[in-house]
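Please find the structures below.
Below, chain A partners chain B and then partners chain C, in two separate complexes.
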Partner chain A sequence: MRLGLAFLLVVVLAGISLWVGVSGISLARLAGGDPRDWLILWESRVPRMLALVLSGAAMAIAGLLMQIVIRNRFVEPSTTGTVEAAGLGLLVMTLMAPGAPVIVKMAVGAVFALGGTGLFLMVLRRVPLRDQMMVPLIGIILTGVLHAVTTFIAYRADLMQTVLAWTQGDLSGVLRGRYELLWLGAAMAVIAWIAADRFTLAGLGKDMATSLGLAHGRVLALALVIVSGVTAVVVVTVGTIPFLGLIVPNLVSLAMGDNMRRAVPWVAVSGAGLVLVCDILGRILRAPYEIPVGTILGVIGSFTFLILILRRRRDVA
Partner chain B sequence: MIETRDLRKSYGTSLVLDGVSVTLPRGGITTIIGANGAGKSTLLSVISRLLSPDSGTALMDGEDIFRINGPELAKKLAVLRQENHLTARLTVRELVSFGRYPHSKGRLSDADRAAVAHALLWLDLNDLQDRFLDQLSGGQRQRAFVAMVLAQETDYILLDEPLNNLDMKNARAMMLILREAVRELQKTVVMVLHDINFASVHSDRIIAMKAGKVIHSGGPDEIVAPAILREIYDMDIEVREIENRRFAFYYG
Partner chain C sequence: MSPERRATLALALLAAGVALAMLAFMTLGVKGSWAFVLQFRGMKLLGLILVAHAVAVSTVLFQTVTANRILTPSIMGFDALFVLSSTLLVAVLGSTALASVDARALFAAKLALMTCCSMALYRWLFLGEEQSLHRLLLTGVVFGIFLRTLAEFVQRLLDPNEFMVLSDMLFASFTGINPVLMVFGWALVGAVTLWLGMNLARLDVIGLGRPVAVNLGIRWRRDVLAVLGIVSVLVSVSTALVGPVTFFGLLAASLARLAVGTSRHAVLLPAASLTAMLLLISGQTILERLFAFNTALGIVIEFFGGVVFLLLLLKGGRK
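Let's turn to the complex of A and B:
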């Protein structure tokens, strides 16, 4: 019921998103069959709205999945090296096989993302963890290293502009034909929902999961494949959306806990809603110019993140 | 019946299991006692397939525990480790429902729901079932974990120091619950215990370990005796019999 209301709110936001933009379109002209208005709606506004909803929902679910299986509240693809590694993979493809189809580049990006996440987990196993804040800190250090490698290569190859497009979530370039890969990300998020019980179970820890007959290693691997796939798809189509995978699952967790079967729909709806709001804000605050959605989320997200850290700290103490 | 044959396990240079061959018959409460580092938890981890030994085998009803497929074994044997730190926020009912996972694979049937309700009732958790685990006291949380293990409806229940962090009242209640589970539900409970008097009063069998070896096993009347306790713990312990039960005095 409450989920239904939240869903309705996202539909309304999606509707508003269609109407915001530099070129005005009107219901009257659309009804009259005005070709220019229809063209804008169909080629630009609808793709952009769908891209927002799909990437928002998928990234938020990827964040939740990561937090559950890694068992730390402060990880998400952009604090574990996953996003940076995906970007590095895309850069490598741009250099080595510039003519390859986007789906191939994305697949390579996903493989790199998986590698980056694996590297992160390997480092975690070797470091004695005294504090759960150590986990995202290690991730951020790894992210910095990967970022430096990417920047170095991009600088040498004169590809800084291209890299910027991946590191900054921006939807102004989304048109029909350039976002459809995101459906793949949404499909992966659906798998996360179908296998939700297994992931929640894996989140109880290796011993407890094994005692309940779960092949813990396999489930963990599946989760990381989903997270890497979603990340690569989103990075290649709209760029990095920071903090989304961090704040949405944390807020949902505070409200209703982490049983993934229950939490996934809420996380998806909230993720989509938050990205829509940030994008609408980005388009009206400095109209006719645009503030990228990644920037807006960066501001909102970092404040929320701080509040969450202080809150969790108090709970632990 | 669970039996082990010549189990060996070492971490680095320290040998924690040094040729353990032990038989745990069906039914009753078996407690494993011994000083810190004697290998108790390691033995429990091996017979619950959470840790593979360097050599030797662990058998359940004649089958190698590491060869039985995971979901099948989870219907026969449940284990609860000592540290159960959860990052995921779950309610008590959700946690206990996950105890049904080997049977339900996530889709709870009526029988599953009945088992969950029974486990909640058994551990007196009905009033707390919709609370999140992070809102509970240590004792309540421990009860929730034990309820999860009971809901799994296995013949064997293995517990690593289930009384840890429990106050006297909760510790006593937990032991009585386990005793009742053994008597009424025909469970086989194997647990690591530190409190020698709880072990003495409630065990059917005690297994004593020292430096990776099983040095004694038998009923409380055999094990709770000054000479044997001195061998296990390297200290003099006075034993007195009160109402046919043996108590160790080591507080002075």
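Let's turn to the complex of A and C:
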């Protein structure tokens, strides 16, 4: 019931999103069959709205999935090197095979993302003492190291502007024919939902999960493939949406606890809603210019992250 | 080998290395007029020395008062503060207006701003309740990200020309150091270094940690704040001159500790300073002479510094 209301709210936000923009469109003219208004609606507004909803929901779920299998509240693709590695993959493709179709670039990005996540897990495995705060710290520093590699290559090849396009989530370039890959990301998020119980079990740790009859390694691998795939798809189509996967699951779990199967629809709906709100804000704050959704979420997200860390301090003290 | 002899040997070797690096920096690949080249490169060399000294000393001092070997001022978000203030300056004044302002006045304003902000930040983080090192680190790092995204937010509103000006200001560039600012910087850093030289024993006692230090007659709050103030000035000078370099101080301080094997400031401070100079001058020479491009030293340092940071974290976790 409450979920239904939240869903309705997202539908309303999506509706508003269709009507915000530089070129005005009106219901009356649409009803009259005005070709210009229909063109804007179908070619730009609807794809953009869908891209927002799909990427928001998918990234939020990817974050939740990561938190469950790594067993840490403060990880998500952009704090574990996953996003940065995907960007590195895209940069490598731009240098080596600039003419390759987007789907190939995305696939390479996903492989790199998987590699980046694997590197993070390898580093983590060498830390026997798992402090809650230590895990995201390692991830962020690793992200910095990967970023140095990307910057180094981009700076030499004069591709800094291109890299900026991936590091900042921006939907102003989304048109029909340029966002459809996101459906693939959404499909992967649905798989995560279907397999939610397995991931919850895998999150209990290797010994516990195995004794409950779960192929722990395989489930973990599936989770990481989903996270990397979703990340690569989102980075290649709209760019980085930082901290979304971190703050949304945390806020949801504050409200309703830690059952993944129950949390997934809430996380998806809230993720989509938050991205919609940020994008609408970005379009009206400085109209007719746009502030990218990734930038707005970066400010909101890192601030919320800070609050979450400091809140913990008070809890413990 | 006794510890004293090892320290002396390490210092002597480092000094010899720095002298060699300076020689290479000044004389390799000279074409045309020696008088011009020596003057041109000498200016750059003075800048490198100043920055290396400021970063290394501030890192060691910061590690002394916070009683750990991982934290550095720049990891705690100081470089981000610099990025944000520079961005705001460009956004508010515009690049043309900035070009007409006297460089020294701009420098003084930036220095005052950054010192104030960093003092407030340090007070909040270190003189409040005790907290775990990892939480402190994470707080600093995320705070840095917050400031940086805020800066990006403002940057998005700039037009491409101003963005160019800004990115020139922000990329750690060891070649484009403004000579006017250098006199300023040398005077400040010189005075601070003199003060430190007279208080080496006090620093050693502070390094023993709060309970012991207080027992030995240190007025903790006052002295720690004084040291943090010095750190702020040093970091302000280096960031204002060359832009943010997050992990350079950590790299230099860690290598220096490894080399001399002591925490006595009379040895550690000069060792860290010399190590930083060696890294910076030889790195710059190699990039300029061997690879024929010279703006990317900051990026290379970030890479290795980040790796060292991870190694230190892992080592700390294993204890």
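Criterion: the second predicted complex is superposed on the first by the 310 of 317 C-alpha atoms of A that agree within 3 Å, B and C clash if a C-alpha of one lies under 4 Å from a C-alpha of the other, contacts with A are read in each partner's own complex, and residues count from 1 in each chain.
Criterion: a contact is a pair of C-beta atoms (placed from the backbone, for glycine too) under 8 Å apart; a residue touches a chain by one contact, two chains touch by 3 or more.
Because the structure is a prediction, the values reported are computed rather than measured.
Q: Quick check for you: in the superposed arrangement, does A:Ala148 touch first (chain B), second (chain C), both or neither?
A: A:Ala148 sits against chain C, while chain B stays out of touch.
Q: In the superposed arrangement, does chain B or chain C reach more residues of chain A?
A: C
Q: So in the superposed three-chain picture, is A:Gly213 touching just chain B, just chain C, both, or none of them (first/second/both/neither)?
A: First partner only.
Q: Looking at the overlay, does A:Gly203 come into contact with chain B only (first), chain C only (second), both, or neither?
A: In the superposition, A:Gly203 contacts chain B only.
Q: Common interface residues of chain A with chain B and chain C?
A: None.
Q: Which residues of chain C touch chain A in their complex?
A: Where chain C meets chain A, its residues are 129, 131-132, 134-135, 137-139, 141-143, 145-146, 149-150, 152-153, 156-157, 167, 246, 293, 295-296, 299-300, 302-303, 306-307, 309-310, 313-314, 317-318.
Q: Which of the residues in chain A end up touching chain C in this complex?
A: Per the touch definition, chain A meets chain C at residues 74, 123, 126-129, 131, 133-134, 136-138, 140-142, 144-145, 148-149, 151-152, 155-156, 160, 168, 242, 286, 289, 291-292, 295-296, 298-299, 302-303, 305-306, 309-310, 312-313, 317.
Q: Within the complex, which stretch of chain B touches chain A?
A: 48-50, 70-75, 77-81, 84-91, 94, 98-99, 101-102, 105-106, 132, 134, 152
Q: Considering the complex alone, what residue numbers of chain A touch chain B?
A: By the definition above, chain A touches chain B via 67-68, 71-73, 132, 196-198, 200-201, 203-208, 210-215, 253-254, 257-259, 261, 315.
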